[in-house]
Structure formats: C-alpha cells, structure tokens
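Both complexes below contain chain A, partnered by chain B and then by chain C.
This part shows the complex of A and B:
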C-alpha cells in the first residue's frame, strides 16, 4: 500500500474517531459530574441511530435535519432516565448506579428487539465527498466530523462561558460545597445527565449516517467510549474528544495492515496499557 | 437592634444521641456571636441545622424574619446565609477566582457572570489572596484554602456568615491576619456566627458567646462572664474542684 493510502486511511480514521469522541464526551460528562457510570449509554447511542432511521424513513426528514430533534429528544429522555434510574443512587456506592443503569439498558434493548428484531438497518445518506490523489473521503465522514466539532465547541462554550456551565463544573468539583453556595445541585445533576444522554443520542445519529447498524450495535460503541474516556482521562470532555481522535487515528493506521476483526483486540490491549501506564489518561495533563 | 437569626427550641437526634437538644438563641444584626463547647457538643450539627443540611426534629429557625426550617441548603444560601467549612471544601479543578465567582454567581445577589467575576476578585483581594487568583484551588496551602473558604462565602454578599473553625490549623501569624479579616468583615456590616477552639481568639473577637455542652446551652453572655463561669470551666476541664479553684482565682 502506498504512503498516500496510509495517510488517507489515517485521515478517515480521525474523521470517524471524532464521532466516537462525541459519544464518549456524553459518558465522561456524566461520570465527571456525578460519579455515575451510565450503562444506558449504548442503548442511547442506538436510540439515536433508530431516531435517524425513523425520522428519515417514516417522516421523510432529510438526515442532517434530524440532529436538532435528536438532541432535544435525547435531552428529554435523559431527564426521564435520571429520575428513573439515577437520582436515588446519587451519593451511594457506584455499584448501585452501575446496576440500575445496566438494568434499564437491558429493558430498553429488550423492548427494542421485541419491536424491530436484530436485523441490519442502513440509512442511505449521500453527500459529496472530497477526492485527494486516488482517494475519496466520503462526504458523510467529513460532515459527521464537522458537526462533531461544532457540537463539541458548543459544549465547551456552555461549560466554560455560561452561568449554568459554571454550576455544572462547581457540582463536579464538590457537590456539597456547591449546594451550600446556592446551587440547586439536584437540578444540575439532572441537567448534566440529560446533556450526556443527548450527546450519546446525537453521536448515534451521526454514526448511523456512516455505517449500517442493528439494535445491538450499542455495546460495541459503548466499549469504544470506555476506551476513549480512559485515553482522555475520566471526567474530562475535552480529553474525550482528543481520545476519540486518537482512537480513530489508531484504527486508520492499523486497518490497511490487519484484518478488521483484530481492531477490537488492539483497542483493548491499548485500553489495558493506558490504564496501567497513564491511570489519569493520556490527555489529562491539565487536571491536578 | 433587630434579630437576624432566631433559633427556637431546635433539636436533632442521631440514633439515640441528642446532638442538639431544644436549643434557643438569637443573633442580632452586626453582632459577632461566638459558639464554643467541647468536642461533640453539637456545634457543627447546629450549623448544619441552620443552613439546611440537616432538617431539625423539632423547633424553628428564622432568618431575617422568614422561617427557613428545613429549607434546602441552596435556598438558604440564596437568602444571604453563607458558611465556611471546618474541613476545607474547595471546588476541585477550578482556580481561586473561579471558586469565588461561583459564590458570587449563585449567592444572594445572583450576579451575571461579568459582575460575578468582579465581586469574586474583590472578595479574593479582601482576604489577601490577590496574588493567587489564577492558582488552582487544590494547590493552595491549608491557610490559603481557609482564606478561599472565606473569600467564596464573602463573594456571595451574605448578610450572615457562619464560620466553622477558620483559625484551626493556622500558625500564629496567619491567625492574626485572619482575625483582622474577620473584624473588617463586621465593619462591612456582616453579622457573624463563629465556632472556634482558640479561646484567646474567640474571646477577643466575639461580642457575646454561647457555650454548648451535650447539645444544650450551658452558658451565654459576654466573653468575660463566660470565661469566669464555673460550669463552663468544668465542662472544659472536667474537674469541678479545679474549676472552682480557677473561677476563684479569676474573680480575685
């Protein structure tokens, strides 16, 4: 394979990886603010995929116009999930929220399988690509990465340039102190959780514009999110985006040389290595 | 003089232990009221009952005339009641200025971000953290963190400030500086309720002192009268004979 081919593969990997980063931002935001490992993450990614499918095929909306409804819908579903599965587990052993979100995840996937089965869905999305040398970068990949960049920038501005973002960061820093400083922490927790779920949903929607999916695809992407947040440092959304890009870069680098079935092995070898060598994450230099 | 805080017959038990037992007292506006008592007397519990961390089993708490019994802590904070913690509670991963800005944003004045930033800077300068504004809170020394606790509470523009052992763990020079800061706070019109174990400091700071023992009020009065109260001396020293002897000496 030519050098251009490898570079093209890496660039494409980075484009796709940024979307993994977006998914992971949702997971890591929730962990960072409330120490909850949200195991409904996978089913929320799948929900985003199915939202794209249903909105385009049943209502006839153009694929990229589903972004806003998915964001809003994800937020509302996230609020509901918070009150159902998470609220009573706040401040208790992390295992409690792990189990409760795990159970809700099973219920949701079970319901979904009963309705749609586990057949492969494919949402046809076409968008003009960019050709470089003999290689064409699909327009869907470019657009997904661009939208990811916009959403990540919006999240950053929200967290660091608004009062509500300040409240979220304060609660992440010290919940008790934040409450005593006049912040309604329960509402802030619900908001952060809903935001995390909305990010998972949107990332699922974007992934579904790239690849075919089934109702059970969530697990694989949830696992990728874990790899990404470990790379980026737990609880650090900016790190998660960088982690996603790093993972995509790695995937792009190895796919020309190794059968696809090996990528998961490599990713998890990396996961274990990072946990041992950089327990605070490779991109977590700023956190004290 | 009008009462800013009224604690009426407040009680709280944990299991079978009466941490605070039908306690009543009043703080007047612009007063510094000292709260002392042996370890486990219920001082910190009382703070938690006042600002809503615990809901009292009995009694009422009134702040500026409004009943705040059992109100959630963030509501109480917004009314203008701020506190510092005995064990410092900085907001991790935020700088000194950001910590204070959170206090200003969500405190009594509910300031927008830009003005909160100004109030935060002013509060940080007031307690002497002007050269640490951009330092991450986690990197401050213990004295710095105690100052930060105070600055953050101050940035909220409170009417009443609850100080929980702000002097503990400081060296004598730092104690002197902190006492100066507290005095200047009162000059700004802030009423202060202070828990402290450093007797000399609290005796010189307070207008009045309430002594707690086993959750009950053991004594109340001016620093001088409390210091000479045999019951108080007994509670601290645990020996009635020695207490009488000491009381006799101070009277003589």
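This part shows the complex of A and C:
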C-alpha cells in the first residue's frame, strides 16, 4: 500500500464520514433540545434507505430526486412519532423516553422484517467519479458529501439566523425560561424532533446510494451515530459533523491495514473510551 | 428473614418449578420451563441495576453470553469438568463486570445506557473475530461431554435442576439486596444520585458492586444453557433480543420489585410460546413485545405489581 493509497483511503473515509455526521446531527439535535435519546434513529435511517429503494425501483424516480420527498416524509413521520411516543415522556425520568422510543423501534423493525425479511438490497446509482493518480473517488461518495455539506449549511442558517431556529436553541438552553418568554415550547419540541427524524431519513437515503443495505443495517449506523455524537459533544450539530468526519478519517486510516470485521471492535472500544474520558465530547471544548 | 412470608413464597415457587416436570417425567414441560428459568434469572438480576439503582442496561445479555462462551471453551480444549468450568466462568465474568463497571458506571443516565449498547456490540464483534472461540462459526461440545453426568437423559435433568437452583438464588439475592443497607443505597441512587452521595452513600462502589454481583448468576445460567445445547455461536450468545426481552419483562412485572420480574418473565414466556405456535403471530413476536412495552411505559409505568398494589394495598405485606 503506497502513501497515495493511504491518502486516497483517508479522503474517501472523510467523504463517507460526513454522511455519518449528517445522521448524527439528527440524533444530537433531538438529544440537545429535549434530553431524549431517540432510539428509533436506526429504524429512521433504514426507512430512508427503503424510501430510496421503493421510490427508485417502483416509481422510477432518479435517486437524487428522492431527497425532497424523503425530507418531507421524514418530517411528517417525526411529528407522528413525537406525539405517539415522546410527548408524554418530556420531563420524566430519562429511562422512560429511552424505553418508549426503544419499543417503537422494536415495532417498526418487527413489522419491516415481517414484510421484507432481512435480505440485502442494493440501489444502483451511477455518477461520474474523479480520478487522482491511480485512484478513483466514486461520484456517489463525492455527491453524498456535497449534499451533506449543503444540508448542514442550511441547518446552520436555520438554527442561527431564523426566529424559529433561535426558538429551538432557546428551548434547548432553558425550556422554562423560553416558555416564559412566550415561545410555544411544545410545538418547538415537536418541530425539533421531526427535524431530527428527517435528517436521519435523508442520511439513510444518502448512505443507501453508497452501500447495499438490509432491514437491520439501522443498528450499525445508529451505533456509528452514537460514536459520532460522543466525539462531537451532545446537542451540538456542528460538533456532530466534525465527529462524523473524524470517524470517517479513522475508518479510512485503518481499513488499508486491518480486516474490515475488526473496525467494528475498534469503533466500539473508541466509543466507550471516549464516553468515559470525554463525556462532553472531544470537539465540544468551546461549550461551557 | 425466615420469619418473613416472602421468604417462603420464593421457596414455594422454586419447589413448584423443580417438582412440576419431575412428576411423571414430563420432558416437554421441562423444556418450556428451562426458558422460563433463564428469563427469570436474567430479569431478576437486571432488575437490581435497572429497577433499584435506575441504570438502564441495554446489554445485560453480555454476562449470559460470555458465561456461556467461557464455560463451553473451558469444557472443550482444556476438558475441565462442568462444575469447575461453570464457576470459573462465573467468577471471570463477575471480575470483568467489576472492571467494566468501575469504568462505565462513572457515566449516568442516557450516557450509561449508550455505553452498555457499545459494550454488547463490542464484545460480540470481538468474539466473532477471536479464533480460540471459533469466530463466527462458534464452538461445539462432543456428545461424550454428558457422560460424567450419567448420559444425556440424566444430564438434561441435572442441568434443569441447576437452572432452577440458579433462578432461586437470583430471587433470594434480589430479595436480600433489597432488604439490606446496600439495597437501600441503590434505591437512594435511583431516586437522586447526588443527594445519595452527599448523604454518604458510596455511590461508585455500590454501583460497581451491584453490576458485578448481578453478572455472576446470569453467567452461570449462560454456561448451563449452552452446555445443554452443546453449541454456542456469537449471534445466539449475544442476541440483543434477549436483553430487550429482559427489559420488557421487568417493565411488565414492575421495576424495583422482587416479584415483578419473576411474574413478568413467566407471563412473557407463556405469551411468547403461544405467539410462536400461532400461525398469524409467529412473525410478529418483536412487534408484540414492542407494543406491549410501549403501552406499559405510556400508561402503566408501575407494571403489573404497581397495578396489583394499587388494587390490593395489603399485598405489600406479603410480596416484595
């Protein structure tokens, strides 16, 4: 393996890692705003993957045109989930919201496996790649990273430049104070949850353009999201993107040297270590 | 303790479990009760950490799976006899839990819950890559392994009685912990950890001790369970469904009570058996477990015991 090979592997890892970052942004947004760990995250990622599969193979839509329907659909599903499983848990012990989202996840995965089984799906997406030295970066990876950058920028503008975004951040900071300032906190919570789910769905759709998937792939990507937000700091969407890139960089760095099956072991070891050593996140030093 | 009625309630349950299949040599009943004993053992031990101290452990199955792996491994190549291998496995898993516990129990609430998912997946991924444990294809035991116990027929009965004994030990452990100063400390941690610490509860030591203590019996149950099937592989040993079911069972029965998890485990096992044999529902086991959990969490957070205590408050003096 030449130096160029390693560099190419790292660049590719960063491209893919940014999509992990996008997935984690959805999870961390929900966590930061309402102190709820959304354990339906994995199944929402899978829902995005299957949305891509169904929209392209059944309705014949071009893969990247599914972005908008997935975003809107994810938002609506998120609103429904908020009212079913999360709303009653706000302000109760964290155990309860963990269990309620966990149970919804069980139901969704159970229904999905009953309908589709656990076979491998693949959505063929072709997009011209970029060749550098002897290495070609797949066009799908480049485009997924570019779309991630655009969505992340939109989210940033929304959270920091619009009234609604500022309301979300106010509720995240102090819900009671926000309520006293006349912010309709319940609606803001529902909005933030729906937004988080929509981001999970879109990231799932983008991941499905890169790799084949099964109905149970959600678990692995949910765990990656946890690793990423632990790296980036809880409730910090910018940190999540950096965390995703860091994870991708790590994956790119180790894949030339060790068998793929060991990367999982390394990721989980990293996850638990970082969780214990830096519970506030490696990239969260600026947060008080 | 002998003068408390609940002590005898547990003894009665254990006696019924041991006697019911033995009368008339009912092998079918025994096999269905094997799963019930495992569920009760797992749920009762998990309840000490989840119900008393309020720490959600999504990966409680790690103890069961690792216990199984160590026991099967030690009986394989080094050819240790069952009792020695079993206790070695239990002790090793407890020690490992203590080390892990001192690390990850520094985390609280959701952080801890996430770390337990990480530990479960990490251990499974490790075992899948670990050659002495047979990687992803697992480990087998030869049939001759049953010979020292008097052949396969007798061995299966011995394993069953041992599982019942482990179940009984779990129930007594859970009861003894609840009535002790240690248990009160755990309950205080569950209520408000900062307050408990300020009032002098050695929170870190108590949590790690609870985590390690409740690893031992599930590890033994895992060892026996996989000795019984003479085969172990990562996807069975670290099946997250088991961890999930243990949580459903605790919530169904009532977290923080001793009777609840046992009652929940028995009912869940019956329900599951019925669902698996039904044509319409056999594919929907997870869906039903999930819906059940959601309904309990949303509308009945005290579980069955909470409901029973609400209807008949005098039950509190009989059951724990």
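The criterion applied here is as follows: the second predicted complex is superposed on the first by the 288 of 288 C-alpha atoms of A that agree within 3 Å, B and C clash if a C-alpha of one lies under 4 Å from a C-alpha of the other, contacts with A are read in each partner's own complex, and residues count from 1 in each chain.
The rule is simple: contacts are C-beta pairs under 8 Å (C-beta built on N, C-alpha and C of every residue); 3 or more make two chains touch, one makes a residue touch a chain.
Quick caveat: nothing in here was measured; it's all calculated off a predicted structure.
> Mind working out whether A:261 is in touch with chain B, chain C, both or neither, as first, second, both or neither?
second
> Kindly classify A:85 by the partners it touches after superposition: chain B alone (first), chain C alone (second), both, or neither?
second
> Taking the superposition as given, does A:93 touch the first partner, chain B, the second, chain C, both, or neither?
After superposition on chain A, A:93 lies in contact with chain C alone.
> With both structures placed on chain A, which of the two partners, chain B or chain C, ends up touching more residues of chain A?
Between chain B and chain C, the winner on chain A residue contacts is C.
> Examine A:272 and indicate which partner it touches, taking first as chain B and second as chain C; both and neither are also allowed.
Touch partner of A:272: chain C, not chain B.
> Mind working out whether A:223 is in touch with chain B, chain C, both or neither, as first, second, both or neither?
It touches chain C, and chain B stays clear.
> Just checking: does A:130 make contact with chain B only, chain C only, both, or neither of them? Give me first, second, both or neither.
neither
> Between chain B (first) and chain C (second), which, if any, makes contact with A:185: first, second, both or neither?
First partner only, chain B.
> Give me the intersection of chain A's contacts with chain B and its contacts with chain C, in residue numbers.
none
> Give the list of chain A residues in touch with chain C in this complex.
31, 35, 37, 85, 88-89, 93-96, 98-100, 102-107, 109-111, 113-114, 219, 223, 226-227, 230, 259, 261-262, 264-265, 268-269, 271-272, 275-276, 279
> Quick check: in the complex, which residue numbers of chain A touch chain B?
Against chain B, chain A makes touches at 161-163, 166-167, 169-170, 172-174, 176-185, 287-288.
> Across the complex, what residues on chain B touch chain A?
51, 53, 72-74, 77-78, 82-83, 85, 89-94, 98, 101-103, 105-108, 110, 112-113, 116, 136, 138-139, 152, 156
> For the complex, which residues does chain C have touching chain A?
Touch list, chain C to chain A: 50, 54, 56, 58, 103-104, 106-107, 109-111, 113-115, 117-119, 121-122, 125-126, 128-129, 240, 244, 247-248, 251, 283-294, 297-298, 301.
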